[in-house]
Amino acid sequence: MNQIKTSAPVLSTRGLDKSFGSLVVAKDIEIELPQGVRYALIGPNGAGKTTLINLMTGMLRPDSGQILLGGEDITALDPEARVRRGLIRTFQINSLFPHLTPLEAVTLAVCEREGISRTWWKPVWTYHDALDEAYDILKSLMLAAVCHRQTRELAYGQQRLLEIALALATKPKVLLLDEPAAGVPREESAELFTAITSLSQDITVLFIEHDMNLVFRLASRIIVMVGGRILVEGTPAEISADPRVREVYLGGAAHV
Amino acid sequence: MTSTSAALAGPHEHLRAQDRWRAIEVVFWLATLLPFLVTPNYLSLASQVAITALFALSLDLILGYAGIVSLGHAAFFGFGAYAAGILSKHGWGEPLSGLLFAGIAAGLLGYLMSFIIARFRHLALIMITLGFGLLLLEAANSAGWLTGGADGLQGVRMWPLLGMFRFDLYGFTAYWYSLILLFLLFLVSRRLINSPFGLSLRGIRENSTRMRAIGAESRAHIRKIYTISAAMAGIAGGLLTQTTETVSLGVLDFQRSADILVILVLGGAGRLYGGLIGAIIFLVARDQFSGINPQYWYFPIGVLLVVVVLFLPGGILGGLAQITGSERFQRMVRPLMVWRGKSP
Amino acid sequence: MITSVFGVLFDGFAYGMLLFLLSVGLSVTLGMMNFVNLAHCSFGMIGGYVTVTLMNSMGWPFLATLPVAFVVAAITSVLFERTMFRRLYRASDLDQCLLTIGLVFVSVASAAYVYGTIQQPVNLPSYLRGSYTIMGVTLGAYRLFLIAISLVITALLVLSLEYTRFGAQVRAAVDNQRMARGLGINVDGAFAVTFALGSGLAGLGGALAIDIVGLDPSFALAYLVYVLIVVSVGGLGSIGGSFAAATLLGISDMAGKYYFPEIGSFLIYLVMVGLLMWRPAGLFGRRS
Amino acid sequence: MQRATFLLGGLAAALLATTPANAQNTVKIGVVMSFSGQFADPGAQIDNGIKLYMKQNGDTVAGKKIEIIRKDSGGIAPDVAKRLSQEVIVRDGATILAGYDLTPNALAAADVSAQAKTFMVNMNAATSVITTKSPYMARTSFTVYQLNEALGAWAYKNGVRRAYTLVSDFGPGWDGEAAFQKGFKDAGGEIIGSARYPVANVDFTAFVQRAKDVNPDGIYIWVPGGPQPAALGKAIAERGIDKSKVKVMGQGELTYEEALKSMGDAGLGLITAFHYDYNHQSAKNKAFVAAYNAEFKRNPDMFSVGGYDGMHLIYETLKKTNGNTDPDALIAAAKGMKWESPRGPMSIDPETRDVIQTVYIRRVERVGGHLVNVEFDKIENVKDPWKARLPK
């Protein structure tokens, strides 16, 4: 489980600041994510976790600071361009294509990545490679059996998996998961996280999660945020021993 | 509708099966030939239905597939209509090249408009399309030297189609000409919506935020489909000009934009055949109702729309698909379907 | 020159007030329940025909017919809301459009059947005709009346929405329906009342509009475009927005016709398109 | 879904498969005009004129039964008007076309008349050029040039020297403007300003103010029917234009009955040129108006008389041809036909097949508690001047 920092960071931020009026939602955020690491981002509600993901993916613009992906400054790029460079996210609340089937949705993402989506004179089914790839992704997330059902008919847990499948279809270098197991029953969420941690080591993963059992079992490193700042960053062992973290989570015993 | 067998056959087989022509589609297109045999006195109505169906199809591409609601689609229909008319008035009455000209002209206008369209959504988008449509109408009214203003463009005369077929009083040439074009452009649309591009359009319709998050080139897609749709609407407009040898401000009217939206939604948006069915139902109902009473036919048409919404939400095809897809219906009709050797 | 500016401002404002009365109800219902009611002007038409009937057949004075126009339009709209519209609150916008356009067609045909296609005349009392000249500016009596009545109504609307319990409930429902329900607010009831209020105002607007724009069965369709323009430019669910948009459009329309008659007919659409491109959610809109 | 598609298609085909009844002794007249939409009221009035004429004169002429087939073009839609005209000929077997409220529609249908060689009676559309488009067409309404060029000349003769023109910004309005200006300038007058207001305009104060600002001694207005005349009349009164000093003139629509009712006293003093009004003083018209009131509970207007005289023309031509519906025979019979209409003496110009009639100059006055158009001058036997200038 324990990864050793070997390569240069894939994604890093330098001094990110963001506030809405007098409300500071991100203050001096410095993060470095090395390749292949499974990072957990934890913190109490309102700590600025989702905001940080929005900043990194370009859905929000920082007031100051920089975001670097593979050494390239992407601070000024729009979200689509960041996705094309391999930085992708999922949503805390499902954001799917209700009337498409999972196969169609994931194929769509593959086609967009490959630039195939510009062609309008050849049927989708002639693109065997794209379809096979989409199918494999679905299979790896245990969605193969329902790949021809309409998305809105899927069970909630399956929809959460499809969120991840869509993200994987863009062949990300960095995958940011915003509470991937939100609303999923506990038994299923363990399964879901197993699927996440067994993803290819080429992919760096950062996930927000409230279930501390899962976090400490599956994350190789943990970042703790409080009030828009990073409180501490370290291995699960370091974090669980940290008195400041204990203080923050004193009221949040239910999670642990 | 069951998919288990196809799923086993591999992911592409299932999609390929969806792309295949169904017997009912073949029957539908064969049925479009019926007016020649059964109702030869209704061919000019039939050609108007075909032209309206083409116009509705063009709107379906942007509304039904990409989710772009437009209350100004008559702008492109009218632009094509005037383009074809003005070309003919100035001495070039060859129909096919005239139609091409109409399509290109409207497509160019659509391309320019698409840069604005792609930036907006919801009510703002609807009202901006409406505004541009009305601006174009006012412009056509003002430019009397070019368009003939409110009197309509005079002097539109078409040469015989392919040098052989005159546009006759019975609408014979008009109908087969319109029908062939409708069919060809339907084939193009069918191809388009089953392509990766078509898949992306449906993605934009379903969830444009998510499309951004998977790095899709949504705006480029919207620009492209808007241009194609505009060109198609322009061809429909050109067809109307050519088959009737008239053009007036009515082709740019708000009413025309609203009517075509009603027709498409009535038939069922996003179903390719929706606009076609809507055009048939709406125009035939209007012809029949107004034949019974030319003054109050709005009443039964209005009732028709209300009834369709209340009992067949999603338009006629959408509602029927829900009904025929329901378990109860399947159980009910299964005994009747035995002869087909498979379940519906 | 200065007097003509004031004259144009005055006339444009009066015209804007008429647009405001016709539109404000739609803005609120569209913003609140996301219900696309294209039949809004049909309720305006009902108000117009009520006034005409009472005046011409029963000899009522003009002013006395106005409250009745309001009430009849309001009651009719609630009947439709309770029996038909509410079933479609969760349906797609397109289905809502189709249903309400169907009702517009029915209302147009019904009006033609009952009243004929003729332009309905309305004979205003003498004190509303003619004009006053104040410091060189000619002020039409009816326009003054129109402005006065609209300002009173706007004030009443704003006060009742800002300072009453009902107003607080409506505002809560507009802001966040789900949360309002959670707080135990009777959202359905609030909506029915608001719907009635909006349609009643349209009915009143329809009655007041006869003298300026006339009344025949095509009213229900002809003014739909103007109403939609005001609603979209103002921003959904915003009374202040509708007021500002109607004023702006009324004045710019009037000024455009006065100073640039060559482009007079383009101006209202140009203003709308320009404003929406600048602020897609409308002047006072929170969401588009 | 596709099953349903087919079923519906079949249903549509079945609906269409009604065959036209065909009887040797019937003359079918296809009446194509707007029965619905914005222009429904003119259509209804034309139709009333047709109905009244048939009630008074029976539905049989020269041994043939007359059958009217009504088709709704629903507004400005030449493509629809053309199709309906075609259909009423090929599907329903009509041998005469009639109706036609709007210029573009009449122009499009003229093609059908010319191509199918069908006698066509234009009962309303008033643009001069229309009758030149089919040699089988006659008109029983008026032309914009006929009325307004006469009015222009009359205005100069009656003291107007500096006139301002305000017209609706579309074809008929431009024609009205051009016709008045031609009549007025040829007589020696000066046009000191002009404006065109948008077709869908609802408020006229700005335009009237502009006219007032240049201080003319005559204002000419061209306005179509509908709500605009009343709005204009009121705006003129509100702006305080003194009609005893400034002549405010227009074509008769400006002061049609309902517009005057809405205007009230604001309408007093407006001067219009027209070919018909229910207040026209003649025995023939009194009887016509009485019968019309009894039948339709309202007064006839210019549309009604267009329909009424149109039917008269059809009946009389059929009598002349002994029921023969050969288009050449019918149009030959129509040429030069003269009769006494409720509007006064009228005839069909044998050269142009257009209407020749008296143009009345009227002023709005209060008579017996009602505002009416009182004729105080007239110009007799006016032909369409626009066609007179066409190269022969």
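The first chain written gets the first letter, and so on, giving A, B, C and D; residue counts start at 1 in each chain.
The rule we apply is simple: contacts are C-beta pairs under 8 Å (C-beta built on N, C-alpha and C of every residue); 3 or more make two chains touch, one makes a residue touch a chain.
This structure is a prediction, so every number in the text was calculated from the model and none was measured.
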So, comparing C-alpha centroids, which chain is the farthest one from subunit C?
A
Taking the mean of the CA coordinates per chain, how far is subunit B from subunit D in Å?
36
Between subunit A and subunit B, the Cα-mean centres are separated in Å by 42
What is the distance, in whole Å, between the centres of subunit B and subunit C, each centre taken as the mean of its C-alpha atoms?
33
What are the residues of subunit C that contact at least two other chains?
108-109, 112, 117, 265
Overlap residues in subunit B, where contacts from two or more other chains coincide:
138, 141-142, 255, 295-298
Residues of subunit D touching at least two other chains:
36-37, 40, 43-44, 169, 198-199
Would you mind giving me the full set of chain pairs in touch?
A-B, B-C, B-D, C-D
Contacting residues of subunit D [partner subunit B, same complex]:
1-6, 8-10, 12-13, 15-17, 20, 35-37, 40, 43-44, 70-72, 74-80, 82-83, 86-87, 89-91, 103-104, 107-108, 111-112, 115-116, 127, 129, 169-172, 174, 198-199
Subunit C residues within the subunit D interface of the complex
4, 7-8, 11, 15, 108-109, 112, 116-124, 129-131, 133, 138, 140, 142-143, 210-218, 222, 253-255, 257-258, 261, 264-265
Which part of subunit B faces subunit D closely enough to touch in the complex?
22-25, 27-28, 31-32, 34-35, 38-39, 41-42, 44-45, 48, 138, 141-142, 144, 148-152, 154, 169-171, 240, 244-251, 253, 255, 271, 273, 277, 280-281, 284, 288, 290-291, 294-298, 316-317, 320-321, 324, 344
So, in the complex, the side of subunit B touching subunit C is made of residues 69, 116, 120-124, 126-128, 130-132, 134-135, 138-139, 141-142, 254-255, 258, 261-262, 265-266, 269, 295-299, 301-306, 308-310, 313-315
Which subunit A residues qualify as touching subunit B in the complex?
57, 79-84, 88-89, 91, 95-100, 103-105, 107-109, 111-113, 116-128, 130-132, 134-135, 145, 147-149, 166-167, 169-170
